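So that you can tell them apart, the chains are marked A, B and C in the order they are listed, and the count of residues begins at 1 in each.
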Amino acid sequence: MKTNIHVKNRVAIIGAGLTLFRRRLLETPQEMTWIASKKALEQAGMDFKDIDCVISGSAPDTFDGVHMKGEYYSEGAGGFGKLHFRVFVGGGTGVFVPIAGWWMVASGLCKKALIVAEEKMSSAADPHPQAVFRHIWDPLIEKMLGPNLIWIFALEMHRYMHKCGVSKEDIALVSVKNKANALDHPCAQAAAKISVEDVLKSEVLVYPVNRLDISPVSDGAAALVMVSEDVARRYTDNPIWVAGIGFNLDSYSWTNRELAYPLYLKKAADMAYKMAGIENPMKQIDVAEPYDPFDYKELHHMEGLGLAPRCKAAELTKEGVTQRDGDLPINPSGGLLGVGNPIAAAGLMKVAEIFWQLRGEAGRRQVKKPVYTGLAQAWGDLMQVGTVIILRR
Amino acid sequence: MSQPVVLGIGYSGFQPSTSHYNIREMIYEAAAKAYEDAGGIDPGSDVDAFVSCQEDFWEGISINDEFVPDQLGAVLKPVYTISGDSLQCVLSAYSMIRSGAFDVVVVESHGKPSEILTMRDMILMSYDPIYIRPLNPENVFVFNALEAKAFMEYNKIDREALGRYVVSSLRKGLRGRRNPYASIKNVEAYLEEEYVVEPLTKLDFAPYSDAAVVVVIASEDVAKKFSDEYIKISGVWSVSGTSSIVYDDLREDTMTKIAARKVFDMTGIKDPVREIGVFEIDERISHVPLMVIKALRLSEDVNRDLMMGRFDEEGDLPVNPFGGALSEGNVLEAHGLARLVNAYEILKGSLGSRRYSDVEKILIHSRRWPSSRTTTLAILSR
Amino acid sequence: MSIHKLGGTPLSDEEFKKIIKEITRPNAKYLMSAGQAYSVFFEGLRRGKIIGTYCERCGMIYVPPKIFCPYCFTTLDKWVEVADEGKVVTAVASYYSANMERLKEPQIVGIIKLDVPGRTFTSYRFPGLLHRICGASLDDVVSQRIFDARVKARWRPSEERKGDINDIECFEVIKT
């Protein structure tokens, strides 16, 4: 992949919008998509008729209960009669949608793209949305063991704890921080003031994972407006540029590798850093939103992204470096742990957060230090996918 | 600006059943052939990104994206999936190369309908769950039949003309390479068939086939390092339909109209009838190509032109001259790439070199099957 | 204020049950072919052996087997029998089943790095299997004593084996 000098057209984000993230929303997938799109378009100063392309993302069809659901929910984003396609990289989708949007605009094929992500997990109501994850395994071998999703996370978390000497108390600090950060997020579902003890005392699901270590199941949608440079300058004085994109997928044989370090994420991050001309991420990234479906994942991803030395992310958290007033604020939005986890929309929510932070529009969540370069990252599949986007003022 | 080209293709299957092979092993075979055809590229070092077109419910695995990299040699590389017809992946790959950031992108798609035991239920699941699905029709293709009826009545196309199309397509398949269902039938036999759902009979639906197809797309400058023989992608565009086909105006193919306008504009085509030599069109349900022919303005009177044989092998507007889906089989989301493979082989001269040696441009069309009218068009040229 | 300004309408569990309009039970059944590699693997399990394929170029052994090496992109046709014992790479104690039903006793599961006679592997890439672990207590997991413990497969009696992963009942901790 080439560096940015070979890319002629710069791409900017000029608007973002979110629905509420809640365990159950009344709205249908189309309505949720519409709400988020309308908010993003309003911020951009545009309307649906101005848009020429819609790029969307949503995680497993089984949640919404509709096969070929790209066409189903994209109507809410005005996708009918326009160019539209749905991308899918499991949990990494939320950050991947703007990546695909980036090349659609950078190639000149689209000038004004609406980037949309939606998830309606509450539809998979019986027995419980988690049961959908029964079908993500290799159907002939792993599935026969009757695994549940939390097994993989627990296995990875325990391996990380063992290899890096990190305790459950250290990890619980992330859940405490993110849920507290989310108290300032208007769309948040699981914001709360909790303590490390609350996390450790919550119900054990699969040791070492407790209930408060996990982000909730949610319904929600998010949208961005991505435009070419000439369009951006016509609509706003404050466009936020896409400086780098990266994505990487490892083999499905997740039981054949070292789980304590996400190599695929390092490769995705390197791809993005190279494009953005970043050589020292710890110094050059001002604010980051790594994916945090479980609290240990924030630490795991910080290390994969090169934002913390290997096995040292927990120390940075203990020292307060990752707080909003710290040197490297991590998940100032409250992340998935605090705001909610409608899988694809959650990733896009993180990109929206970086967008607002860089513009100084994050309200009470605004981080203390001045910010010029921000990063959002998502992850998914069987411990396989890393998707990274770097934004710059 | 980088010109995207098709550098190599490979496929496996195109058979009604491939039970001795697991789908990933079929994809491996298709990928190995494609990399070889592209001049011997190495996926680990020569390819910048990989994209797969597939749908979870056709696979039986939620998040089937997990299983994409291994058989393509794409482990720890940039890989993603698009949930759509494989021509949409070609669109995305085209755009990646035009952006200047990627030089070589591999596109993969596959379909193994022989493994789906509950096809009717899966198709019904793609319809609007609140207003359409509860109708629970006995034959889930009733919605397509409504489209066929509306179109045929509005454009005064009779059953005999539709039968003529089906019969000629099955015959054309005999000259192709991947057509297990090609056969000689006559229009009388077609007219005697009972309706499965009026006005469509069993012969109007393409039967199922299993296949895996891999295509290597590259920027022209980089392609030259591997091979002198490649085919240009001049333009590609996709237009999304609604989730349930019955929400659109059934009398004409509005999505193809919009997509065609954009694609002809992109490629500078002013007179498609004269400038495009061959048309590879989605015929998984027989009335669709007729709708597309009308929407592309190739013919003012489709009924008359069909009877005159203008769309046959020797006609001046050859449609699927080496067989389309009716004789190839329905390979689900791999259909778009199946059309691309035909177009590629014709332009390279490995199919029909005598008759089509002066064809400069081929138009490829694929829809989503069967519930949505999402249409993708592409123009391949020498 | 319009719904779009509010951002949506949250519902409680009871409200949700009241507004449900349609219930669909997806009927999705598939018959998946095992293919060449897995067919040999399953036959091996039936005979009480764990079979993998071997890449000469990078030295990796694939269990369950693949007929291609994803890293080297070459066809693999060399089969090898790996030992049915190894050491635990990571393990956890699950209180929930796949259907999210609470279990009375936690089930210990883990990833086992299998031994291959005459070969060693890094901790980065190795033949590893997910399976149940028996002979370990919850405390073994919590204290992390289970890490690097040696385990051996406990096979079902040969007449009960069907040729799938459950022909191994569990991997039992070898008591020293």
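Criterion: a residue touches a chain if its C-beta (ideal position, glycine included) is under 8 Å from a C-beta of that chain, and two chains touch if they have at least 3 such contacts.
The structure presented is a predicted model; accordingly, all values stated were derived computationally and were not measured.
Using the mean of the Cα atoms as each chain's centre, the chain most removed from subunit B is C. Here B-C and A-C are compared, and the pair linked by more C-beta contacts is A-C.
Put simply, the C-alpha centre of subunit A and that of subunit B have 33 angstrom between them.
Taking each chain's centre as the average of its CA atoms, subunit B and subunit C sit 37 Å apart. The distance from the centre of subunit A to the centre of subunit C, each centre being the mean of the chain's C-alpha atoms, comes to 27 Å.
Touching of two or more other chains is recorded for residues 57, 60, 69-70, 74-75, 122, 125, 129-130 of subunit B.
Shown for subunit C are the residues that touch two or more other chains, namely 24, 26, 30, 32, 34, 38, 70.
Shown for subunit A are the residues in touch with two or more other chains, namely 62, 65, 138-139, 251, 253, 263. Remark: subunit B residues 1, 48-49, 55-57, 60-63, 65-70, 74-84, 88, 91-92, 94-103, 122-123, 125-126, 128-130, 237-243, 254-255, 258, 368, 371-372, 374 touch subunit A in the complex. If you check the complex, the residues on subunit B that touch subunit C are 18-25, 28, 31-32, 35, 42-44, 57, 59-60, 69-71, 73-75, 115-118, 121-122, 125, 129-130, 133-134.
Touching subunit B in their complex are the following residues of subunit A: 1-2, 4, 6-9, 28, 54, 59-62, 65-72, 74-75, 79-90, 96, 100, 102-104, 106-109, 132-133, 135-139, 245-253, 263-264, 267-268, 271, 275, 380-382, 384-385. The touching residues of subunit C, when paired with subunit A in their complex, are 3-4, 6-13, 15-16, 19-20, 23-24, 26, 30, 32, 34, 38, 62, 64, 70, 89-100, 106, 109-111, 123-132, 138, 141-142, 144, 147, 164-166.
Of all residues in subunit A, those touching subunit C in their complex are 18-20, 22-27, 31-32, 34-35, 38-39, 62, 65, 122, 125-128, 130-131, 134, 138-142, 144-148, 150-151, 154-156, 158-159, 161-162, 186-187, 204-209, 219-220, 251, 253, 255-259, 263.
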